[in-house]
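These are the structures, in structure tokens.
Same chain, two partners: subunit A is paired with subunit B first, then with subunit C.
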Partner chain A sequence: MNIDFLIPLLSMAFVLSIPVGLAAVGECICQRTGLLNLGVEGMMLMGALTAFLGAFYFDSSWIGVLTGVAGGVSLGILMGVLCISIKAEQVVSGIVVVLLSLGLTSYLYGSLFHVGTTPPRIEGLALLHIPLLSNIPVIGPILFQQTSLVYASLALIVLLSWMLERTSLGLALQAVGEKPEAGDAAGLSVDGLRWFGILISSAMAGLGGAVLIIAQLHLFADHITAGRGWIAIALVIFGRWKPLWVFAGALLFGVVDAIQLKIQVVAGGIDSAIPFELFQALPYVITMAVLVLSAMRARRNAQPSALGIPFIKGQKH
Partner chain B sequence: MRITQSTSCSLLILTAALSVSSAHAAEKTKVALVLPAEINDLSWNQRAYEAAKKLSDEGKIEFAYSEAVKPDATTLDPIIAGYAQQGYRLIVTHSFTYGKSVARMNGQFADVNFAWPGGIGKTAENLADYDQPFYQGYYLAGVLAGGMTESGVIGAVTGFDIPVCHASMAAFEAGARSVKPDVKVLSTVTGNFVDVAKAKQAALALADQGADYFMSCGQGVTLGTIEAAKERNLGATSYVGDMSSLAPKNVFASVVWNLDVLLDRMVADIGANSFRPGKAYSFGVPEGGISVIVHPDFHRRPSAETTAAFDKALVDIKSGTLKVAFVPK
Partner chain C sequence: MATHQHHADHYAVEMLSISKRFGRFVANKDVTLRVRRGEIHALLGENGAGKSTLMNMLYGLLKPDSGSIRVNGSEVRFDSPQAAKAAGIGMVHQHYMLVPTLTPLQNIILGDRAKFVLSERHLEQVRGQLKDLIVKYGLTVRLDVPIWQLSVGEQQRVEILRALYHQSTILILDEPTAMLTPKEVEQLLPRLKALAAEGTSIIIISHHLHDVLTIADNVTVLRAGENAGTLQAADTDARSLARMMVGHVADFQRPADNRIARATSGEAPQMRLVAEGLSAEGDHGQNALEDVSFELGAGEIVAIAGVSGNGQTELEEVLFGLRESTTGRLMLSGADIIRTDPGQRAKAGMAYIPSDRYRYGLVRDMAVSSNLVVDRFREKPFAHRWRLSLDTIQSHARDLIGRFAIKVKSPQQPAGTLSGGNAQRVVLARTLSRDITTLVAAQPARGLDVGAVSFVWEKLSAARDNGVAILLISTELDEVFALADRCYVIYRGKLIGHWHRNEFDREAVGLAMGGMPHANQSSNTAALGAVHVH
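On to the complex of A and B.
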């Protein structure tokens, strides 16, 4: 295995990690406020559809990005109303959002683009070569020859991580996830901060869906996110509720997934003596192994104490 | 008439009233399609819908359909029962996964005819089986790819290594080898029929290994390989339906399933009272059930030899002198 073999592989893995990484970092922030958003898959899928529609009808990738975010947020508002305003069960609400999105996206796409018509396709964004940096051997082609949307996504992830870990707003978000009663007594608006969390999470999931469509696939098909939202939720636990670790998990998952596709080919594909299912299981096996190791090494439980519990003012939990 | 899952409950309530009147209402055969996914998928389901639409436009049938129907008994059984009670004479249950429900329902509604795409010859008095010999088309597409490949490496991306996919891949390879004996085939299984991004990644990985022509099995899988072919300016094959409009310069051939020919025969058999006992319908290239579209806008023109080899293989398969081997695993 030489370096020429690795460059396209890592570059591909990097691009494919971005959608799931964005959704996972958003989910991480939401969970830190104590709200378990299980609707990520639905929000990503809605974001993918609305991004596609925006880019298609307005003939602009950037409008597509905005409509993608808006699509995610529209389901985020629904999730917020269910879980924060009327204190509904969070797990059930999340699953409802996913099921709604699966049906609604399929219905909307089907009714807008009728059978027999030419399947629509958008142009997407061109790759942007950053001067000087893109010429660095190995790292250059992997990190610095991507679409501008990928750079913007990375900047956003770093910004959100900084916001959560280093600002007073971040501290307040964490406080309502750990001890909402204490936060409330200290004058914080628990509901307000959780609304902030769900809006960030749904916007990031919508953005993830938009990146999938606009930077990679340029078309829409039913359930095109194919379970990436669920992987995002798993990555939050994997990254122990730290945004940058969560994103690192997304990168690791992407790399192992890209590698398994390569190994399959090298091993002889379908005619290989080793069943291809073993290669397919590889990303999940590695993720589980790292999860177990990190849990063994951790000194304390990193899960926000109030995760999944609705906050009702004045009521003891 | 369009019947969705959500309306199937209210439909059941109406069935008693409807079944009395509709039995004598029309002379056209009433055909119902039950489909596993949406009718705009450019592939498996769209081809079935278009076939019924065509026969309906020709005045041969009257049809209704239910799309995106899950194969579980609580969803599927009431839908099939609804059509049966409404006087539909042929119910096409267009998914292998519907097998168990169909086996329950065809006993319950002995006067209704059923068709199921098992491809395993499982028939009953009122139940016909129809297969999907896509592999015969993939042989022909393989002849083209073998003639046009510059690297001599062909990439195959399949969703699962199931018989229909494996046989298509093997036939594609055999077709390519018939014109270029040293062609190498690299294959990847994505483990998923809907993940377009993963299929694209798999195809790009194959391209990195030198593949310049692709075959693929699965609707989402094929959307991914077409995207990869477009990105690297290579050649892809579309699956079951014509997907060339996605990338006219990069889809060299489409293996197309002409369900209208099959459905037309079934309806004719019902009209002639020869549908029963249920047959195993096999409509491949010789019967016109499978055809291959060679796309003129593809970025390369096949050489005269390649075109001649393709035409010869087509004639030979149609006349029966060439039997494409079915290699299910």
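On to the complex of A and C.
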């Protein structure tokens, strides 16, 4: 196999890993506060639609990014009200958010565009070549010839990981996910920190949806996120609740996704004898298989102890 | 006490005529408590006497209905623990308020908003301050090891260290000796004395009479929410304090020891439960049990003594099939049961009184009558094929409620609303009303008041006299010595000592609980082995 074939493949893998990576790292932060956000898929999908609308109507990718984040956060607020303010069951709340988003995005897109055979498209972003670094052989084209949105996403992931491990806020987030009553006794606001978690998670999911649309697909369709939000949740478990490991899982997803796209082309596209849906399923199957293998090998239980349990002040847990 | 002057400005804490009700229940009635600067004051009383309620009001967790609180001479109204902390009050809860995955250093700076970025320089500065306190008060703590890896005693020192770091001058300790080894208690008490000598006022909530008398300057006894008297520790003794606490002194007389009688008469005991080299991992993948072996014969009570957190939870779970073992065999009446599930073990004649009675012992939201049949509702006469016989379940419940003196409004009352003692009576009633050969009883009397404790002990003794083999896992030496025919000590997941009843010695067993088996151990074990090999 020659290297010229590998470089565009890995470059593409890197781009493909960003949307799911953003959602997964946001989900990781949220779960570390003890709140299980199962609504990621819905938030990502809403972010994808609102990003598309923003970019389409204002003719600006960056406004699309902002509206994408706002779309995710709007569902994050709903999730927060359900799970934090009124202490509703987190699993049910998350599924409600996903179902709501599936219906709402489909309805809104359908009623706004009355799509015919060619769906409306938006402009993509130009590639930004980082001086010097982009000239490094192999690594340069893969890592340093991407859109500015990819760089920004990457910086955000590193920043959040640092925040969780190296700041007093991060310590507080970890504490309320492990033992909220101890955090409460230390003067932390358990509900406030969980609000922070769900807002970060929903903003990151919305951003992930925006990147998917603006940096990759340039169009919207019903359920275009295709389960990436659920994969994000699986990656949190795979990454053992460590943001950088979670992102490593997203990179793996991206590599398999890029390979399957390549195989589809090689196999002859739509005319292939093998149904293309089989290839499309590949990243999900591989991610799940790796998740199962890593769970079987794990010795220490890394899940935040208070995950999924509503915190009610003064009540014994 | 250097001075007996009763000037208000000598008092660090004054709680005057405090009353507190919860609904119709009176938790505190007209209680007055005064603590001087540098004084160690013990707050003594039974479970439910109102000690914790009183201290929770001082710490800002509850507000009094009437009465006033003064700290260092000025009246205060705390509406949160943060307000109490700002006034220099620190509390060490019985169940430590530490985040298990974080280190002591991280736990201590938790909630401190002064620095957002936790730079190495900032952490090094805090570490330095903590090390100074560690040296000054002899509170040895490893600052950078996660809490879950520390012993209970070290965790307690983290709590005290945290209070000192936050410059508390008034320290409330809730049952500070309950979870410690005798050796750790011996180390803790002089440290507290040293703190008091530096001017810190210390209030100790306790029901351990001996510790209270060793360390406290003054003792206030609460009984049923009221102040039953404040005494100078030097002027009183354990017996009169106990009488003040309960109104009478309860004595448990252990029934005659038929196990020893049979052993000496040469009759071989029938082995019920034999563990060979059991090992298991804890929740964090650590080695929680290592190579545990013991034999338990029909009609004897064998105790596993030890300070909590040394593998007892894992042991009870492995024995009843709630946790997988990594190595070893477990024989029940001769058959290896290590791969069987709890249901199969129950069918084979094994029963279990779990230490966490609300988690594994009862279904909180279900009626007492249902809880009394959760292990047998699919069998006759409680069910016919798939249909429950509700009448039989009710009459069965009424029968057991009578026989075990369970205080309930009706058999339909949810089990979660019962007091600790009554909840345990439900567990006992269900467990002992079944035809069993072997019983694993973990902390059967934990948290119960004196009356309920002797009830539990009597029932266990009676079961043993009827031939049931009982493994008693207990952190209370009093309980072990009252009930057991033989005892082992568990320390860091290993069984490290072995005594026959006539060799029971508080000091030797206490030392073993702290990880130091006594020198003449081997002879005991050998002697016991001889009893078993027939």
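Note that in this section the second predicted complex is superposed on the first by the 272 of 317 C-alpha atoms of A that agree within 3 Å, B and C clash if a C-alpha of one lies under 4 Å from a C-alpha of the other, contacts with A are read in each partner's own complex, and residues count from 1 in each chain.
The rule we apply is simple: a residue touches a chain if its C-beta (ideal position, glycine included) is under 8 Å from a C-beta of that chain, and two chains touch if they have at least 3 such contacts.
It should be emphasised that the depicted structure is a prediction, and the values quoted were computed from it without experimental measurement.
Engineer: Please work out whether A:301 is in contact with subunit B alone, subunit C alone, both, or neither, and reply first, second, both or neither.
Structural biologist: It touches subunit C, and subunit B stays clear.
Engineer: Comparing subunit C with subunit B, which touches more residues belonging to subunit A?
Structural biologist: B
Engineer: Of the two partner chains, subunit B (first) and subunit C (second), which one does A:175 touch, if any: first, second, both, or neither?
Structural biologist: second
Engineer: With both complexes superposed on chain A, which partner does A:216 reach: first (subunit B), second (subunit C), both or neither?
Structural biologist: In the superposed model, A:216 contacts subunit B only, not subunit C.
Engineer: Just to be sure I read the superposition right, which of the two partners does A:8 touch: subunit B = first, subunit C = second, or both, or neither?
Structural biologist: A:8 sits against subunit B, while subunit C stays out of touch.
Engineer: Kindly classify A:110 by the partners it touches after superposition: subunit B alone (first), subunit C alone (second), both, or neither?
Structural biologist: first
Engineer: Quick one: classify A:186 as touching subunit B (first), subunit C (second), both or neither.
Structural biologist: second
Engineer: Go through the superposed model and pick first if A:166 touches only subunit B, second if only subunit C, both, or neither.
Structural biologist: After superposition on chain A, A:166 lies in contact with subunit C alone.
Engineer: In the superposed arrangement, what residues of subunit A touch both subunit B and subunit C?
Structural biologist: none
Engineer: List the residues on subunit A that touch subunit B in their complex, please.
Structural biologist: Of all residues in subunit A, those touching subunit B are 5, 8-9, 12, 16, 106, 109-110, 113-116, 118-119, 121, 212, 216-219, 221-224, 226-227, 257-258, 261-262, 264-265, 269-271, 276-277, 280.
Engineer: List the residues on subunit C that touch subunit A in their complex, please.
Structural biologist: 61, 81-82, 85, 93, 97-102, 106-107, 109-113, 115-118, 281, 283-285
Engineer: Residues of subunit A touching subunit C in their complex?
Structural biologist: 166-169, 171-172, 174-175, 178-179, 181-183, 185-188, 299-301, 305, 314
Engineer: Per the contact definition, I'd like the list of subunit B residues that touch subunit A in the complex.
Structural biologist: Where subunit B meets subunit A, its residues are 37-42, 46, 49-50, 68, 156, 158, 161, 166, 169, 185-192, 194-198, 200-202, 204-206, 208-209, 219-220, 223-224, 227, 243, 245-247.
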